[in-house]
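Both complexes below contain chain A, partnered by chain B and then by chain C.
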Partner chain A sequence: MTRVDDTLFEDICTLVRKFAPGGVELTPATELSADLNIDSVAAMDLIMEIEDRFGLDVPVNQLSELRTLGDLAGLVAGRLKGR
Partner chain B sequence: MDIFDKYAAIAERRSKLLAAGADPFNLRIEAMHGPTEATIAGRRTILVGTNNYLGLTYDPACVEAAVEALRREGTGTTGSRIANGTYGGHRALEEEIAAFMRRRHAIVFSTGYQANLAMIAGLAGPRDLILVDSDWHASIWDGCRLSGATVVRFKHNDPEDLDRRLARNEGVGECRLVIVEGTYSMLGDRAPLREIVEVKKRHGAFLLVDEAHSFGVFGATGRGVAEADGVEPDVDFIAGTFSKSLGAIGGFAVSDHPSFELLRVCARPYMFTASPGPATIASVRTALRRIAEEPALRDRIWANAKALHGGLSAQGFAVCAAMSPIIAVRLPDEAAAVWAWNRLLELGVYVNLALPPGTPNGVCLLRCSLSAAHTPAQIEQVVARFGVLAREIRVALEAPAA
Partner chain C sequence: MVVATPTTNRVLPFRTGGFATLAQGLDYAARGETGCNFYSPRGELEVALSYRELRERALDLAARLPSARLRRGDRVAIVAETTPDFLIFFFACQYAGMIPVPLPLCVNFGGREAYAGRLHGMLMAAGARAAVGPDDLVDALRIAAARTAVAQVGTPAEFYALPTSLAALQPLHAHEPCYIQYSSGSTSFPRGVLVTQQAIAANARAIAEEGIALRPGDRCVSWLPLYHDMGLVGCCLTPVMTQITVDYLASTSFARRPLVWLKLMSGNRGTISFAPTFGFELCARRAANASLDGLDLRHWRVAGIGGEMIRPAALDEFAQRFAGAGFDPAAFVPSYGLAEATLAVTFAPLGKGVRLDVVERGDALERGRRAVPVAAETGRRTRAFVRCGQAMPGYAVEIRDERNRPLPDRRIGRVCIQGPSLMTGYYRNPEATAAVTTVDGWLDTGDLGYLVDGELIVTGRNKDLIIFSGRNIWPQDIEWAVEQVPGVRRNDVAAFAVTGDDDREKVVVVVEVRGGLDADGLSALRREIAATVHRVAGIDAEIVLAPPRSLHFTTSGKLSRAAARQSYLEGGIRDLGDTAAVEPTAGTDEPPRLAAAG
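Up next is the complex of A and B:
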């Protein structure tokens, strides 16, 4: 997986907070569904916000492997690197 | 571990739903009394959530044609289109749909869901790129997955966002297919097809429009939003359903593409399922003629839509989109929506309860759909019963917290 720097992770967490209940600590191990109650459809809307923020596209058929915030950040870092 | 453990969260949500009253997702209709009324839980109920837009399910000519075909050709074809399931009626219906839609080719599918599945998985492959409106119907998402194509969502009804994404993905995918719906099933809002067509032409993409909820309702002759917007020549493929304006079950797709007929041997959801039964084919052929012969059906549904849209708006309900035969009322949360849905049922009105993830932006909706078969008196009754609901909601909100 592509290395994720702290700034990128924090940027992603800022967007994730819009979709997640307050009071849950966001770490690379935090699970989108189990910890943050972000279901498959909300995850797609979150991805859209991330796409806007970074000016890239994340194909939705790559989302099924996403489990944690670390997975999400790694996916975004990979897309940024691949540009 | 049990194989159903993965659904624990859904099971908990379902238990709450069942504890609140009737089961909105497994509601038993005890008797039908025509296209707009039924008996539910022993109560005579006005149906305002059937997608039976033109009310043709009980049209005498459609019923007679179905009965006659049933006697002549039996209860089912028991075979797929690529084996023994293509009768004269299937081919005749395809020719009639092509003529109605003014296209060279038409293919009939066994359900509307399968029409989208077959079209998307038949047109797009693993080397292609699909750009799809973010308010997609489940059948579109499932078709995208089945295709194996790379799938990028663009913002709902936002041609500029589509344009940006097509530009960002220049060179990605051998072919690019844009997918939108003429009108969207949950809120009843309409796609800006003129602008979308401009964008797709600029980028050399193909366009598929699902007119499931707009066929029969929009356009001067009922061909859908592409007709209404005058962009049919630039829409490469149109998909539709028999289970709404045409009053039966099944689906279709049309195109002028010279290779369109190849889908008959390339689209798995067309090939590997039994074909529609003779009664269905016969009633749809007749319904298609009825739509062509009686434009007044469209006038009636729009008059009914206007009356209900005005009535609900006047009572202060949050109606989600501009006036259309789909009128969705937004409730603040799931508990309120479930309560209101049950209360309406007690008052003798059936609407659809629509909850996330089946709705856009996580909204909870009471979704109404009108029919040309609703009488003005029925619409008045529905508005009045929604009025009772509105008063009860106001009283509950004004009551001091317990």
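Up next is the complex of A and C:
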């Protein structure tokens, strides 16, 4: 998996916070569905925010492989690097 | 530059019927210039595939399929992404005499394992011999195909590269099956609706001629998934059978940027599009602050609504939000249908919009099962239902009581239907088929409703199926997953949906907890269960941790979800995490308490 630098992770957390319940600490190990209660509709909303923020397309078929915030950041880092 | 297919054919006469099979319908459409167009998540045209080209590519692939050791009649499972590949494989099967089985997609975070399990169940039930899926899902498909009859799993490119066989093609005949649709049933016991060529020909023709009065100049825009009947039959196969051009947006693209739907309607002068209520709702919500500049929806003449209970307030909101873009609320066309009837059964009259039937709430409705009309809505004492129109010619709707006797107008009972496109049965599942067939051969839809002047009004579902944001969720899938959580025992879980404010569905999972857990233990368990529900169903459910004996079982020992739901609504189920018993929320818009009788 592509290395994720702190700035990128912080950027993603800023977007994720809109969808996460208050008071949950965001770490790379935070689970997207279990800890943050991001359902399939909110997931699409979040992906749109990420796409717009970083100017990339997220392959939605890969979302089911992402369990944690770290997985998500890794995917974004990979897409950014691959450009 | 890619150029979209035109709305009308230059010379080829418009035809809505007279095709005995899907292949014949495509053969005819291929003589014109219309076809289908595929758009990116941001609404740029990526691929235009005329029906002529679709036919050529399907015929080419059909001749290669025997090289995958596939024979006539074999089931070919196709992951139903909204792509040209899906259509090419679907129609290649038609030409090769094989039966396509569309498979669903999965976009839940962390849901890959549950998804593979779901696909495995479908591949088993269909006895599929081959399975095809896009590059980034083919691994899940391979896992799903382990220990099944599937001999060949691959990406579209792998199948396109097979050598061509010299044997003559034998397309599916008029008396043969057309496809199998797995949109109902649970993971372990999926129920596949076997749709015949006769059924699709009859339903497509009825939809085109009676339902929405298709005419030259119509153009369809669709973001509906192709693994559901409304997307597959309504917005893909019916257009092929009527040479109508379709502009496709993937469901996941719509969910990200719902306004792209309207931009395509506007830019392509779309006249027809269908969606469940939640689609209109999502669009209105996300567009709250968006500019309507350049958006022109004046050509939209059929804004079809189906797929779940129709919620008039959400449609109102959509109509108001887009009035400035020329959206005409009279374009709304409520409809009723189900996969077991191929798709459509009733359509409300065109050009009349959403028409309501307002009835008295209270004992008459909830216990007497009578829908007593009132002059006007008066808030909490009335309930407004949507009139879904009469059965199309050739179809019939009756409301029956528990003993299968027809009920008069305004009496609520089981919605039973008859018509030329009913399934012949669930594939290889005579028990499930018998369970939905009345002694006199009608289909019991599992829905509850009543008739007024021949018009169907649906009031709720009799069955336990949960429909959440347009998705069908089988409660067993949630229950079985939750039963695997450490500390939860078998048969101690019930999942059901209740209608909250605004007719929106909320999923409740009641779990009986044995043994003394302290507050920390309870909240850890609650968290674990919520996470499990998320992984298996991708939804946010209310988790109720209840003391033993909160759930009800039938005399044969089967869990009664209806009774659990009733008890929950009446405040009879206590949550151990609360200091006081949970009271039912006063004044919420609860549905009629009829489901408990089902």
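Quick notes on this structure:
The rule is short, and it goes like this: the second predicted complex is superposed on the first by the 83 of 83 C-alpha atoms of A that agree within 3 Å, B and C clash if a C-alpha of one lies under 4 Å from a C-alpha of the other, contacts with A are read in each partner's own complex, and residues count from 1 in each chain.
The definition used in the following text is that a contact is a pair of C-beta atoms (placed from the backbone, for glycine too) under 8 Å apart; a residue touches a chain by one contact, two chains touch by 3 or more.
Please read these numbers as outputs of a predicted model, since none were measured by experiment.
One of chain B and chain C touches more residues of chain A, and that partner is C.
In the superposition on chain A, no contact is made by A:26 with either chain B or chain C. Shared-chain residue A:45: touches chain B and chain C both. Shared-chain residue A:55: touches chain B; no touch with chain C. Applying the stated contact rule after C-alpha superposition, one finds that A:66 touches chain C and leaves chain B untouched.
In the superposed pair of complexes, A:13 makes contact with neither chain B nor chain C.
Contacts of A:80 after superposition on the shared chain: neither chain B nor chain C is touched. When the two complexes are superposed on chain A, the residues of chain A that touch both chain B and chain C are 39-41, 44-45, 47-48, 57, 59-61. For chain A in complex with chain C, the touching residues are 31-35, 37-41, 43-45, 47-48, 51, 57, 59-67, 72.
Residues 39-42, 44-45, 47-48, 55-61 of chain A are the ones touching chain B in the complex.
Those residues of chain B lying in contact with chain A across their complex are 134, 144-145, 149-153, 155, 165, 168-169, 356-357, 361-362. Contact residues of chain C toward chain A in the complex are 40-41, 81, 105-112, 115, 134, 136-137, 140, 250, 252, 255-257, 282, 286, 469, 471, 527-528, 530-531, 534-535, 538-540.
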